[in-house]
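Chains here go by letter, A, B, C, D, E and F, matching the order in which they are written, and residues are numbered from 1 within each.
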């Protein structure tokens, strides 16, 4: 399945909860950070440690247009996070759906 | 001043931030929990330890109608939290305003 | 799953999960989620409800939303059984973080741990998150 | 402060603080807060802006909201000086938690620690929180 | 005392409009005045007279209109926020008027307290 | 593939409506189909044709109408959510129609994927 988180992890606990559930799932589940959720992938964010494991497994994606809008350069992200555009978002749902939005 | 927090501390970090700032203020500042913020006053909630100090100083208030709506009995709250109704809310703003909403 | 949008599709049985993660009353999510659940009963799908994080608070006993002039919809969860919606999963860790147990809830539910909740989610065809 | 709603009231000078705690673009709060700030300039009050928590992200350099077809309003913070709005306070702890420093911001600001931010808040007559 | 109230969220979706209303009513019941409620951001949707809530639910827009009629409360909807969201004179409920953001700053200056309700 | 899309928040206030639109456009550009977008909760405000955003901003309602016209997307507004919030036929933009919640469940069954955008 494809999980999306759209809130900043410094403002809400949605990313925390999503990660706890994702860990218990098979390697076929993926996480895409969108909207204010993209701040979670900042190497400097408190969420970096937990997310790094996921990124190293190739299971973490970040929506590029939302990064650009927020002035977050790819170099500021944790290593291994893959940046995708909206077509990449669609493809993730094709490949890994159903979609679970951690709204 | 009178601070209000209207989000559950188990969902967002607004109460955390409010408390860090309130600690640095004079004893004349007060905190009122409203809407989903009232869950923060549950004795069982992770916020209980920090809030207890404030409650012991007589600086913590909880909006009663919002507690009733959510099925939270007064006995479930941390000791020292004072329950007020909407008129109590108004009086707090009269006595301690300006109002800072941690929305 | 069908790649074509054909008339047979309506006869497919899918596993539908309604995921509830928000507290009631502060926002309308809980109430309007319940309205979709009730409608879904008419479609003969395999429907389940998941309550986790602040969503478990939706089922808390003793809610009196009339205190803030709102609709008291908590009793409606008890009506779900009459619509043959019987799979209500509540996450144990979420209850515990709020000092609650199954006894504090308005309906009988199946309390599951987080790992089981995660597994249930990944077995669905359609997830509606509220 | 006046207990009566009289005509003299408009000539009072008050300390107005606009408190910004949300990230830009995910919600409209940052943009519409800035619109009030600009209007407030016409009223000759003692206006200041506070940026804390995710609010510091509003001032981050390099934002290109056109990437999501939204308005690029970050440059407008630079226009505030022309409206004689010069008190921009940014909380140090909030910057640090996001790996940022004053160099990462689109405008010159006064970086203050949390204790100072708390004190500034308590010195205001009117706080608008966005 | 004079209380100005700011509402930044839409009715029904968030409790903000309810809390603001109950606060205003309580203040008036205590002998205070609420000279103005300012509706900003999604708060402008509070002014839409086409609202038809279910029979057993509260009618948020009618409550505001009644409050304005009974206690001379000035219900101001921000013009910029309202245009963006499609709230115009043709769908405005009684007691509401559309005006500029200056009305918010002005009441912030004139009232003794400004109380904010948002999300 | 067939993508059904659910939008639960109002335009402008939250990014949800923007994200949903960009997702739908990308899916169609890739050769997929978006048979229906369902607007629920405050998402119903997306259908209000009275919206007049500023010149330099995107027009969210027009974007939806255009998408419907160009790619045969069924834009359905939930009747119960819309009544409560004052979104009625008289202010409905082209391409939108008001119908029941059953239309959401139905498309959830018929489409290959349901994608949700909310707050």
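Here is the rule we use: a contact is a pair of C-beta atoms (placed from the backbone, for glycine too) under 8 Å apart; a residue touches a chain by one contact, two chains touch by 3 or more.
Since this is a predicted model, take the numbers as computed values, not measurements.
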Self-check item: If a chain touches chain B and chain C alike, it appears here
Solution: A, E
Quiz item: From chain E, what is the lowest number of touch steps before chain F is reached?
Solution: 1
Quiz prompt | Rotation in the CA alignment of chain A with chain B, degrees, nearest 5 | solution = 180
Quiz item: Does A-C or A-D have more contacting C-beta pairs?
Solution: A-D
Quiz item: Comparing centres built from CA atoms, which chain ends up most distant from chain C?
Solution: D
Quiz item: What is the chain whose Cα centre is as far as it gets from that of chain E?
Solution: A
Quiz prompt | Whole-Å gap separating chain C and chain E, where each centre is the average of the chain's CA atoms | solution = 33
Quiz prompt | Rounded Å distance between chain D and chain E, as computed from the means of their C-alpha atoms | solution = 24
Quiz item: Going by the touch rule set out above, which residues of chain B reach two or more other chains?
Solution: 6, 10-11, 13-14, 35-36, 65, 98-99, 101, 103
Quiz item: chain D: which residues touch two or more other chains?
Solution: 25-28, 53, 68, 70, 126-127, 129-130
Quiz prompt | Residues of chain F touching at least two other chains | solution = 1, 8, 12-13, 15, 22, 41, 54, 57, 80, 112, 114, 116, 118-119
Self-check item: Touching pairs - complete list by chain label
Solution: A-B, A-C, A-D, A-F, B-C, B-D, B-E, C-E, C-F, D-E, D-F, E-F
Quiz item: Which part of chain D faces chain A closely enough to touch in the complex?
Solution: 22-27, 53-54, 57, 60-65, 67-68, 70, 74, 97-100
Quiz item: Which of the residues in chain F end up touching chain A in this complex?
Solution: 1, 3, 8, 15-16, 19, 22-23, 25-27, 29-30, 32, 112-119
Quiz prompt | Residues of chain A touching chain D in the complex | solution = 6-8, 10-11, 35-36, 39, 42-46, 64-66, 68-73, 76
Quiz item: For the complex, which residues does chain C have touching chain E?
Solution: 25-28, 68-71
Self-check item: Of chain B, residues touching chain A in the complex
Solution: 10-14
